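Shared chain: chain A. Partners: chain B in the first complex, chain C in the second.
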Partner chain A sequence: MSSSCYITFPTTFFAIRAESLLKKTGLTFKMVPVPRSISSSCGTALQCPCEDLAEIKALLEENSLELESFYRLEEEGIKKPLVTELEL
Partner chain B sequence: MNEALNLYFDNAATSWPKPEAVYDAPGRQMRQAAGNPGRSGHTRTLEADRLLYKARETLAALINAPDPGRIVFALNATDALNIAIKGLLETGDHVLFTAMEHNSVLRPLGRLRQDGLISTTMIPCAKTGQPDLDYLESAYRENTRLLIVNHASNVTGSIAPLDRLIASAHGRKVIVLVDAAQTAGAIPIDVQGLNIDMLAFTGHKGLLGPTGTGGLYVRKGLDLKPLREGGTGSQSESDIHPLSMPERLEAGTLNSAGLAGLLEGVNYIQARGIESIQQEEQELRSYLWERLVELPGISLYGPHGGEAAVSVVSFTVGGADCGEIGHVLESAYGILTRTGLHCAPHAHQTIGTLPEGTVRLSPGPFTRKVDVDHLINALQEITGLMSG
Partner chain C sequence: MRDRLFIALAGAVVGLLAVILVLQGNPANMGFCIACFIRDITGGLGLHRAAVVQYLRPEIIGLVLGAFITALYVKEFRSTGGSSPVLRFFLGMLMMAGALIFLGCPLRLVLRLAGGDWNALVALPGYVLGIWFGTLFLRRGFTLGRSQDQSAVSGYSAPFLAIVLLILLIAAPAFIFFSEEGPGSMGAPLALALGAGLLVGILAQRTRLCTMGAIRDLILFRDYHLFLGFAAIFVVALIGNMATGQFNPGFIGQPVAHVGSIWNFLGMTVVGLAAVLAGGCPMRQLILSGEGQGDALITVFGMMAGAAFMHNFSLAGSPAGVSPAGQWIVFISLALLFIIGAGNIVVQAKAKQLDKKAS
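Now for the complex of A and B:
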């Protein structure tokens, strides 16, 4: 079983702004289509290792980005992933 | 006579030529990154989103805006001015504007005034194009909400003293909207340094981009009502248009192909250096002015040769018809100018060229000194014929 964390955004502008800011940091992350098991206002989400989530969130908020929600997805093969919405 | 000079002196209408990359980028954008920005989340869409972000970021840097999210894309300056004017004003507001304003300001105001929603006062300008600051001081009312300033006149090239106008307006808690149609890409603009509240620009003039591109800078804390609502690709479940910028003021699929071209235009300006473009254009304008002054029967308008101005000079010749001069310049010499009234009736009134207008010459960043010499030779022949 593997888990990764997701940040969703209210608008595309903030998703791409997040990507642009994080690219300069060396942190590991990926912009991905929002997984079907979570819902979001905007079609692109940020995927990152769960241990980096707090740091990424802090950095984005420092730059006054609007973030929507945070999730952890535990995936096992093609089974439906286990979704946990995180209260950060 | 040389009938095929193909000299373009109409950059104030739209710039030509453009940097090569500006021609190529829209085609590449359509071929390679044709996703609908913000809509689908697949890689093509993401590429289109990145391009738009990059364009916002690059434009924000050009005008020293603190946050690319405050750059809203629009069709042109006219569209941006409509978004600003109609998004800000409320019934009962009073608006000040200078006599150098373009119809893209005068007409949205005229409409709101005609509908009985707002009142307006025009700040007269001197023949040099400089607004009367004493008049401005006496023109504020309790309900004055907005001052609109044309940063540089498309009729005379004169540059408005933004620092003094903004200090005056902000002293009265009046918001300032700057029309940068003739200055964006031509002279440095610092929206933070100057405390500009809103700045409208067009992509196809000094920014060297394609037509159908432009935008509006809106400072943080100023929340406009959207002029139109619709799809943004985000918050699709809601009947209410998103409030967060820049989507707040953008609805419908953006002109990503055109904006790809605009981005290249701004990249070109940044690489060549906006200060050097400004200096070269200023020197060329001075040279043009000095050469024009020598022509018999000519009247020149606006700032003199050595004075600060953007790359525009207007003239008339004795009793000659402006349209006829423009026609001969084109048909006999292949030199393109603009003649008549340049969409700014009060500016013509100010310099005394109503109703016939002027011949307007607007060299651009690719105009050479030798082009000016060809133009002067042609005008010497034309004016010689007329006086002979």
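Now for the complex of A and C:
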């Protein structure tokens, strides 16, 4: 089973800003379409290891980026992934 | 993994159904064409008078209802709207203008490619170029703004209209137009076309299949998730066409197509750019309108207005090519899209401010 965490944004603009900010750091992350199991809308989300989530969130907020929600997704093979919305 | 499997499967089903619909009577390489079908519906309602393209296409009705029922069932139906409706209406018009220059929406572009129509091969880089331009606007802060929750009545508008169209199609009153010749007179049996639309509506709602997102995400984030669906449509339709003798490679004599390469290329550039700014290709707009998004429905209305405009003034392309007035429309559309794009970079100042803070 693999799990990873996701941050969603109110508009694509903030997602693109987040990408360019985080590129300057050594943090591991990836920009992906919002996973289908999280939402039916077609925005862009930031995927990162869950242990880095707090650090990334702090960094983005420090730079006054608007963030929407935080999720943990646990996937196992082709079974339906388990989604947990995180309160941070 | 599961998501990827599912979107490839959805694309494959769309490709397969497209081949079947053509075998059962739809115009060649037009198993599905959202722009053409919305144009046909516009004509069926008498809003344009091009006698060869008038038919209340059941596929469109099915797509909207399929997405609506699915969204209700999985509790994703949400009545929203209010994100730059006027601009979305114009974007819909321009998207349709570009599609009717090329003679097909991006979905039909893929199906034309799969049928061996090399004019679509010329149009594809044009589409990618339009999307690339669009991503430049996105990177600089283009946004149409957030949508807000609307009253439930607003959200039910699209499925309501779909049902009205279905009743008109079945009852066929005298004021509804049905083409007696040309592409508008060709169609698969109603039940099959409606069923195919429903199935694709369900799959597209579940997977967010989008022919613009496929290429946008590749350019913006090197993400190939949506592209898998796009590619699957092509591969399955290609195999299906080859197996049923519908693969006829070449430029000349292709069904519902013309050989004006410049206009095929630029027409799809218009569609690509308009689709990025509007946040979805014509098919995706239909699906979102079924999910209750008023912003998407406005875009569809814009597409209908665009279709009426293009045909009433004889601006649309035809197998004979693109008229001089139609060629002007291409440049006017591109200019308007650049104005809309540049005019909506509202957060530019904020971006600069953020940069300063970061450094």
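Convention: the second predicted complex is superposed on the first by the 85 of 88 C-alpha atoms of A that agree within 3 Å, B and C clash if a C-alpha of one lies under 4 Å from a C-alpha of the other, contacts with A are read in each partner's own complex, and residues count from 1 in each chain.
Just so we're on the same page, contacts are C-beta pairs under 8 Å (C-beta built on N, C-alpha and C of every residue); 3 or more make two chains touch, one makes a residue touch a chain.
Being a predicted model, the structure only gives us computed values, none of them experimental.
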| item | value |
| --- | --- |
| Combined model on chain A: chain C and chain B, fit or clash | clash |
| Which partner, chain B or chain C, touches more chain A residues | C |
| Which of chain B and chain C A:Thr44 touches, first, second, both or neither | both |
| Partner chain in contact with A:Arg36 - chain B first, chain C second, else both or neither | second |
| Touched partner set for A:Thr11, first chain B, second chain C, both or neither | both |
| Partner chain(s) touched by A:Lys80 [first = chain B, second = chain C, both, neither] | second |
| Chain B clash site on chain C (candidates 39-47, 255-263, 273-281 or 309-317) | 273-281 |
| Touching both chain B and chain C, residues of chain A | 10-13, 16-17, 19, 31-33, 42, 44, 64 |
| Interfacial residue positions of chain B with respect to chain A in the complex | 37-42, 45-46, 49-50, 52-53, 57, 67-69, 232-237, 242, 244-247 |
| Chain B-facing residues of chain A, complex | 9-17, 19-20, 31-34, 41-44, 64, 66 |
| Residues of chain C defined as touching chain A within the complex | 1-3, 5-6, 71, 74, 76, 138-139, 141-143, 146, 205-208, 210, 213, 217, 220-221, 223, 225-226, 279-280, 284, 291, 347, 351, 354, 357-358 |
| Residues of chain A touching chain C in the complex | 10-13, 16-17, 19, 21, 24, 30-33, 35-37, 40, 42, 44, 63-65, 75, 77-81 |
